[in-house]
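The following pair of complexes shares a single chain, chain A, combined with chain B in the former and chain C in the latter.
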Partner chain A sequence: MAVKIKTNDKHIQALAEIVGSPRLILFHQEDLIAYDCDGFTLHKHLPKAVVFPKDTQEVSRLVRYCSDNDLPFLARGAGTGLSGGAIPVNGEVIISLVKMKRLLSVDFENRRAVVEPGYVNLKLTNSISDKGYYYAPDPSSQYCCTIGGNVAENAGGAHCLKYGVTTNHILGLEVVLPNGDIIDIGQNGIQDAPGYDLLGLLTGSEGTLGIVTKITVRILKNPEAKQTVLAYFDKVIDGSQAVSDIISAGIVPAALEMMDKTAIEGVEAAAFPVGHPKDIEAVLLIEVDGISAGIEEQINQILEVCKNRNVREVRAARDEQERGRWWANRKTGFGAMGAISADYLVQDGVIPRSKLPEVLSRINKISEESGLRIANIFHAGDGNLHPLVLFDARIPGQSEKALAAGSACLQVCADVGGTITGEHGVGIEKKEEMRFVFNDEEIIAQTNVRDVFNTKNLLNAGKLFPSPGRCVEIKKEMKAAAAQ
Partner chain B sequence: MAVKIKTNDKHIQALAEIVGSPRLILFHQEDLIAYDCDGFTLHKHLPKAVVFPKDTQEVSRLVRYCSDNDLPFLARGAGTGLSGGAIPVNGEVIISLVKMKRLLSVDFENRRAVVEPGYVNLKLTNSISDKGYYYAPDPSSQYCCTIGGNVAENAGGAHCLKYGVTTNHILGLEVVLPNGDIIDIGQNGIQDAPGYDLLGLLTGSEGTLGIVTKITVRILKNPEAKQTVLAYFDKVIDGSQAVSDIISAGIVPAALEMMDKTAIEGVEAAAFPVGHPKDIEAVLLIEVDGISAGIEEQINQILEVCKNRNVREVRAARDEQERGRWWANRKTGFGAMGAISADYLVQDGVIPRSKLPEVLSRINKISEESGLRIANIFHAGDGNLHPLVLFDARIPGQSEKALAAGSACLQVCADVGGTITGEHGVGIEKKEEMRFVFNDEEIIAQTNVRDVFNTKNLLNAGKLFPSPGRCVEIKKEMKAAAAQ
Partner chain C sequence: MSVREVDLKADPSCATTTNSLSNYLWKDAPDENKWADCVHCGMCLESCPTYEITGQEQHSPRGRVHLIKSVAEGKLKVNEQFMDPVFACLDCRACTTACPADVDVGGLIEEARGQVRQAMPLTGIKGTVSKFFLQGLFPHQDRLNTLGSLLRFYQKSGIQKAVRKTGLLNVMPQHLVDMESIMPEVGQPVRKKYKNAEVIKAKGETKNEVAFMTGCVMDVMFSDINDATINVLTRNGNDVTIPKNQTCCGALHVHAGDRDTGRKLAKQNIEAFKDADTIVVNAAGCGCMMKEYAELFRDEPEWHDKAEEFSAKVEDISKYLHETGYDKPKAELNTRITYHDACHLAHGQGVRQQPRDILLDIPGVEMVHMPNADRCCGSAGIYNITNPEMAGEVLENKMQNVPQDVEMISMGNPGCMLQMAMGVKKYGRNQKVVHTVQLLDWAYQKEDKEKGGN
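Take a look at the complex of A and B:
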């Protein structure tokens, strides 16, 4: 049965036939504009078309069609990614997974749930919280981002300090490979399943190795109790030292967040102000959770540590409402920058915790030299830093300056033994910065892996790895040597 | 400067030159016999030679020599592996890493240590315990197995229920690739490092993708307190149900071990008897750790759960001595089978926790049908089962019967949604059983990955994957299709 759409493009017609309805394909320019970028907005490209498959078989048929006809293609969830991983830089066919959004099953006894990739992160916790369970990875966009996208980017969140990032919560995946084959990987959560860890390999591969169509996740029992502490420091060095002291005391907080002066200015000017003083250099938000009996002791230890580090004011949340307000203030921190700046660029570096003071002072220097303000919001407990470069795209040259300042921040992270992304991925944004942390041989080891999955490199090409440079020659030499 | 050894074999001479001393190479048959198998003793093969490099550069030069001259080779640690991963089935050159056994550095502030691959697991904890730290993965062989071998097998242990297996504690690796190139992977412990997760891929790849020459591991702060409970159950069904109840109560024990009646008979006849009653069907050993304030509450909950499940006797350890005796009794459980049987075969399956009673009863049936006793010792908390098939190799046909019974146990695990290995690896022992859990496409996806690293398949060939069967044809078809 032919799907009736107005097009002379045989590929568009064929793709429409696969999804079976004119309402499940977009190909007019005015419809495609909404898909020309994701959460990283500094590059825009139109896709060839956007298709909305309803199940794994349709994804497989779409992929096989694209592969057989040499059409570039990529998968997209909610489009909240911050590094441009879903931008169709080659005019890709976008396979949108938003129609595959069911919660397929929950197995409380073995603590697993199975979801489709378009299922929204926060919905899972909402669906199981009445039984006392939740899903741990909590990116700030969790109210709208999809679990499929979280898998692609190996998303983190404030509570990953204690509970780990997405990869620590994925137990199994159904994947459509770039040739259309469907495989199951991960053996449903067995810690050390036989064979290679393809589950770990696919998770965080930024949509370059396959398209995930079903996800088995771990669900956790709600902690019996949780409590949050807020601490204001006049000096950032004292706040940083308190972070180290808390960890050294053997406490593993569920979350340990820091914001600096500029970030505080932003969050206090935006939707959820809570009255942070504007003259302090650092605020810490520290949450502990677990069995009730242990919480108070840990809170007391944390208060003690902060007092020993010249804290101006420190206290635990009075009630759940106050705790909720503090978190809303923090979780909307990126967007809050819009209240004090026309535009902002979020960066995402990682450093050893012990280097915090040094890195912050070097970022200050970058800010001074570029003439752009840089706010810092970060998951201090695990050293994941988010410098927010504030700029105004309407002023000629400022976008470029902001990108350069962001890149310089990442160079600082790499210099002190850290790396260029903690949770936002590389995408197109940080491709060239991969060279800050990998040499040619190391990049080749990775692109070789991509090439065995993504044989024709039609799936999300041009992402994640730097432009080849010397790698191409080295690969040729290696092939010649192997052929001897 | 030529190394003087008595050989006409130019390859042996060349390998000796690389390690630089006649004392660092073995090639006489009487010396090689010690290397004809590892902890899996049912297959034996002599290596061509055994070499003992002192550093990464020597490993690289040995590997390059083997690769250039088409000599099969493999790496070996302490040889405690239980699935035959270090057996030279192709007459390999064995690259023994036991001389590379240094603790290179410890960074308490950022909680990392760097070791060479031949460093013994337990030595690490012993070296840092005075500062209040330890290394979590604790395979029963930890007093002699090497961390390099742990990485190859992604080793587990009793405390992996709470703390995860080896892969959760590896932060970075230096790896010699099968062509001799040296790469660094893992970015030193950043949770979500950019690029593909090669660290996860290499960990547990059973020595088929590269040779690890340096390892950065996570170290943990000692828990403030720990306590262990012992519980005797007349009926295994009650013990199993208690396991589920403890987890459902939201407690995450550090360890949750079970032994059945035959296993108890063994451990009570061996070196560390503790007086377990012999007429019970199950003993549970349950350990909790964490901050002091919470321990007592958890112990009380556990006692309560056991009482609700008809426990015959349950109590917490009186003191550290008693706790130590209980663990010595459990940790020597495999070897203890030697006290009640001439030979034994350890199997290693994984099942969903909820299937415990069903699986145990099916294993009993396998035991009856084969006429061989089967003891069960297992990490009950994470469903990792170790059926120990007791047999006498001197009786013709019994070895084969034992292998068949072991394989049948794994088929049961696969049938209920589990898998064929939890921590011992596949090696040569369970190659064919891989088909219980992977179809052709899934095996091909894995061997394709192997082939990009191990291009000539000289490194530890013939391990981990089943004999090709239909995979060869499928691969040919795929290649032909890709070439079109």
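Take a look at the complex of A and C:
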């Protein structure tokens, strides 16, 4: 049945036919503007259209249509990504997966659940918590981000120190390949299946290898007990030494978070203040969980470590409410920057823990030189640093300055033996910075892998990798010519 | 054809904004500082009922803020396409609660609606109907009273029965028929009842003096709740005055983009209550509006100050009782109830625990938790009249969360009460929909009766 929409564009008409309703396609500029960026707002591009498929078959037909007609396309979930992975830089057709948001099945016996890609991360935990289970990866955006997006970005979170990132919790995927074929990988959830680890390759591929339409995830039994400690330090160096001491004492905290002075100013000015003092240089949030026996001992050990490092004040949460408030304050940390700055750019470097004081002082220097404030929120336990560059896009030149400052922060991370992203992905934001950690050959080796899946490079093109250097490009073309 | 990296566009240039390009051409434009707080993080998405239903970002809080900002940047015009997302917002403020940066989405939406209404005044039947209600009816207590009398006549004379039998309702749109069917029984407005009373004295010793905002529709359609409010206040040592010149709070006008009428009404109320120290209100929507009057006077500093002073005196009945103290009733009500958070109470005024505490203080009341209790019911002022389809879907989601085995649903806002009553009827449920103060009043009455009987 023909779908009635006002358009002269045959592609838009054809896409509308696939989704079967004028309410499931957007193509007016006023509606498309809401899709011109994701959580990364420095680049904005209008998509050609946004379509809302209801099931895998529709995704497949949409993809096949785009592929057959050479229309660039990409997948989008809640659009909370921080590296621009869902921004339609080539005027893509956006395939929004938010209508595919069901929890398909839960198998407590084998500890797994099957979800559609638009299912929101926290909803999984909320719907199995009464049975004593939860889904471990907990990015700060878990209130609203989708599990499909988590797979694309291999999302992390505060509790990944102990439990691992998204890839450690994915047991199977149904994927629509860039030509429209539907494949299943690892669907039975069997560990370490023979052959290449395609699950590992797809997870974190930032939507460049295929569109995930069904996800089998691992679910975990709730820990018997958990306790959280808050510690205020007058000096960053003491805070970061305390982090190292906790880890070297053999404790594996579920989470070990740090915020610096500017970050504290932000969260305290925003919607979930908890009364952190404004004159300290670092606050640590340390959570341990596991069987009840031994938790108290670990907490005492942590208190002791902090005291040995000149902590100003340290204590365990009095009750679940207080623990909840501390986490709400931390988890809304990025958005909270809106309260002290018109815009922010969040970076995502990873460094060896021991380098923290050095890196923070170099970031301070970048801040001074650029004239922009930089707040630091830090998954300290696993060395994943989030410098938040605060700026105002309305002031001419500040956006460019912010980008340059963010890039300089990543250079520092790479310099000290770290890397440029821990959990937010490369997207368009950090693709040039990939050169800090890979040379041209290494980049080409990876784009060759991509080309196996994404032969026409119509799916989410222009993300994840920088354009290769000119000479390398020529070399590649010559090689191709020679082969013919 | 395949796309090669080298064919791709060069890195896109950075987005910058220039105010001179703004397409807001009328006074009282959306406030730039409000959207400057939004960093587009998306934490608001799941809180938004219209995003939940549509899955479309132009119908999400951050999407709407983005569109409102885009008009100021000259990328969009104030037109029909812009109007749709801006007017489809329920104005439930759930996003304000969810937002880490406290972005005032509600304020932006109302300002944007003001621009839409100035750019595209309502014409035809919509214009006539809107004008009739917003300008011709709500601000005029005498006309409302006349309407109330007519409704009373309609209900008591047998005409209602006749109309329902004849099928006259069949020719009306379904959502209006649904509303007719749950119309509360209309009683005598308290403003009429206490017309000649300077002060309604406290029973026993006077501890406080309060002025009572009766609400316009509230006093006509729900005068029994206003009666209950006065009983509960006087019972707890409050002298109650009902300032004569008070009028409609203007919330419905401001929601609809008619900010000029909103300002007119606000000024009248500010004047009417200028001698009061405390202004008690039992309708969450009115209370929230009255707490935000200053927002209407960004260009009138003198009134802005007066409005702030006025707003500081406004308090919801449940919060007022909770803070000043109330007798715990001794009679048992023996009922299982659940509580629905009115948006403009929970999200708008941060009042969540106080009404629950009051209800729990009534002996024999068993409270059953309603999941997502602070999710909008779809009433949203007159949203259920203007956007019946979306309101219906929001209501359906709400009703799925109402526990099956309760006898009553308590709440603090008349708009929600009408909508929830409609939900109860539509989905074949049997709960009674009540205002929190009514339950307290009934417990007092029962206590008095039991005492009298002894």
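Simple rule for what comes next: the second predicted complex is superposed on the first by the 468 of 484 C-alpha atoms of A that agree within 3 Å, B and C clash if a C-alpha of one lies under 4 Å from a C-alpha of the other, contacts with A are read in each partner's own complex, and residues count from 1 in each chain.
As a convention for this text, a residue touches a chain if its C-beta (ideal position, glycine included) is under 8 Å from a C-beta of that chain, and two chains touch if they have at least 3 such contacts.
Everything quoted here is computed from the prediction, not taken from an experiment.
Undergrad: After the alignment on chain A, I want to confirm one thing: do chain B and chain C clash, or do they fit together?
TA: In the arrangement built by aligning on chain A, the partners chain C and chain B fit side by side.
Undergrad: Figure out whether A:E116 sits in contact with chain B (first) or chain C (second), or with both, or with neither.
TA: Neither: A:E116 stays clear of chain B and chain C.
Undergrad: Answer with first, second, both or neither: which of chain B and chain C does A:G418 touch in the superposed model?
TA: first
Undergrad: Between chain B (first) and chain C (second), which does A:E257 come into contact with in this model arrangement: first, second, both, or neither?
TA: Once the two structures are laid over each other on A, A:E257 reaches no partner at all.
Undergrad: Specify the partner with more touching residues on chain A, choosing between chain B and chain C.
TA: Of the two chains, more chain A residues are contacted by B.
Undergrad: Using the superposed model, measure off the angle between the directions from the CA centre of chain A to chain B and to chain C, in steps of 10°.
TA: For this superposition the angle at chain A equals 140 degrees.
Undergrad: After lining up the shared chain so the two structures overlap, which partner does A:E287 touch, if you call chain B first and chain C second: first, second, both or neither?
TA: A:E287: touches no partner chain.
Undergrad: Could you tell me if A:S467 is touching chain B, chain C, both of them or neither one (first, second, both, neither)?
TA: Only chain C; A:S467 stays clear of chain B.
Undergrad: After the superposition on A, what does A:D238 contact: first (chain B), second (chain C), both or neither?
TA: In the superposed model, A:D238 contacts neither chain B nor chain C.
Undergrad: Answer with first, second, both or neither: which of chain B and chain C does A:K456 touch in the superposed model?
TA: Both partners.
Undergrad: Which partner chains sit in contact with A:E92 here, chain B, chain C, both or neither? Use first/second/both/neither.
TA: Touch partners of A:E92: none, neither chain B nor chain C.
Undergrad: Quick check on the superposed model: minimum Cα to Cα separation from chain B to chain C, whole Å please.
TA: 9
Undergrad: Output the chain A positions appearing in both contact lists, the one against chain B and the one against chain C.
TA: 455-456, 465
Undergrad: Would you tell me which residues of chain C are touching chain A in their complex?
TA: My answer: residues 1-6, 8-9, 11-12, 14-17, 36-46, 55-58, 60, 63, 66-67, 70, 75-76, 79, 81-82, 84-85, 98-103.
Undergrad: Chain C touches which residues of chain A in the complex?
TA: 26, 28-31, 33-39, 41-45, 50, 52, 70, 72, 78-80, 89-90, 96, 98-99, 101, 118, 120, 141, 143-145, 270-272, 332-339, 342-344, 392-394, 396, 399-400, 403, 428, 447, 455-458, 461-462, 465, 467-468, 473
Undergrad: For chain B, which residues count as touching chain A in their complex?
TA: 109-111, 132, 154, 156, 160, 164-168, 177, 179, 181-185, 187-188, 190-198, 200-201, 203-205, 209, 221-224, 244, 247-248, 250, 290-294, 296-298, 350, 352-354, 382, 384, 417-423, 425-426, 430, 434, 437-439, 441-443, 445-446, 448-453, 455-456, 464-465, 478, 481-482
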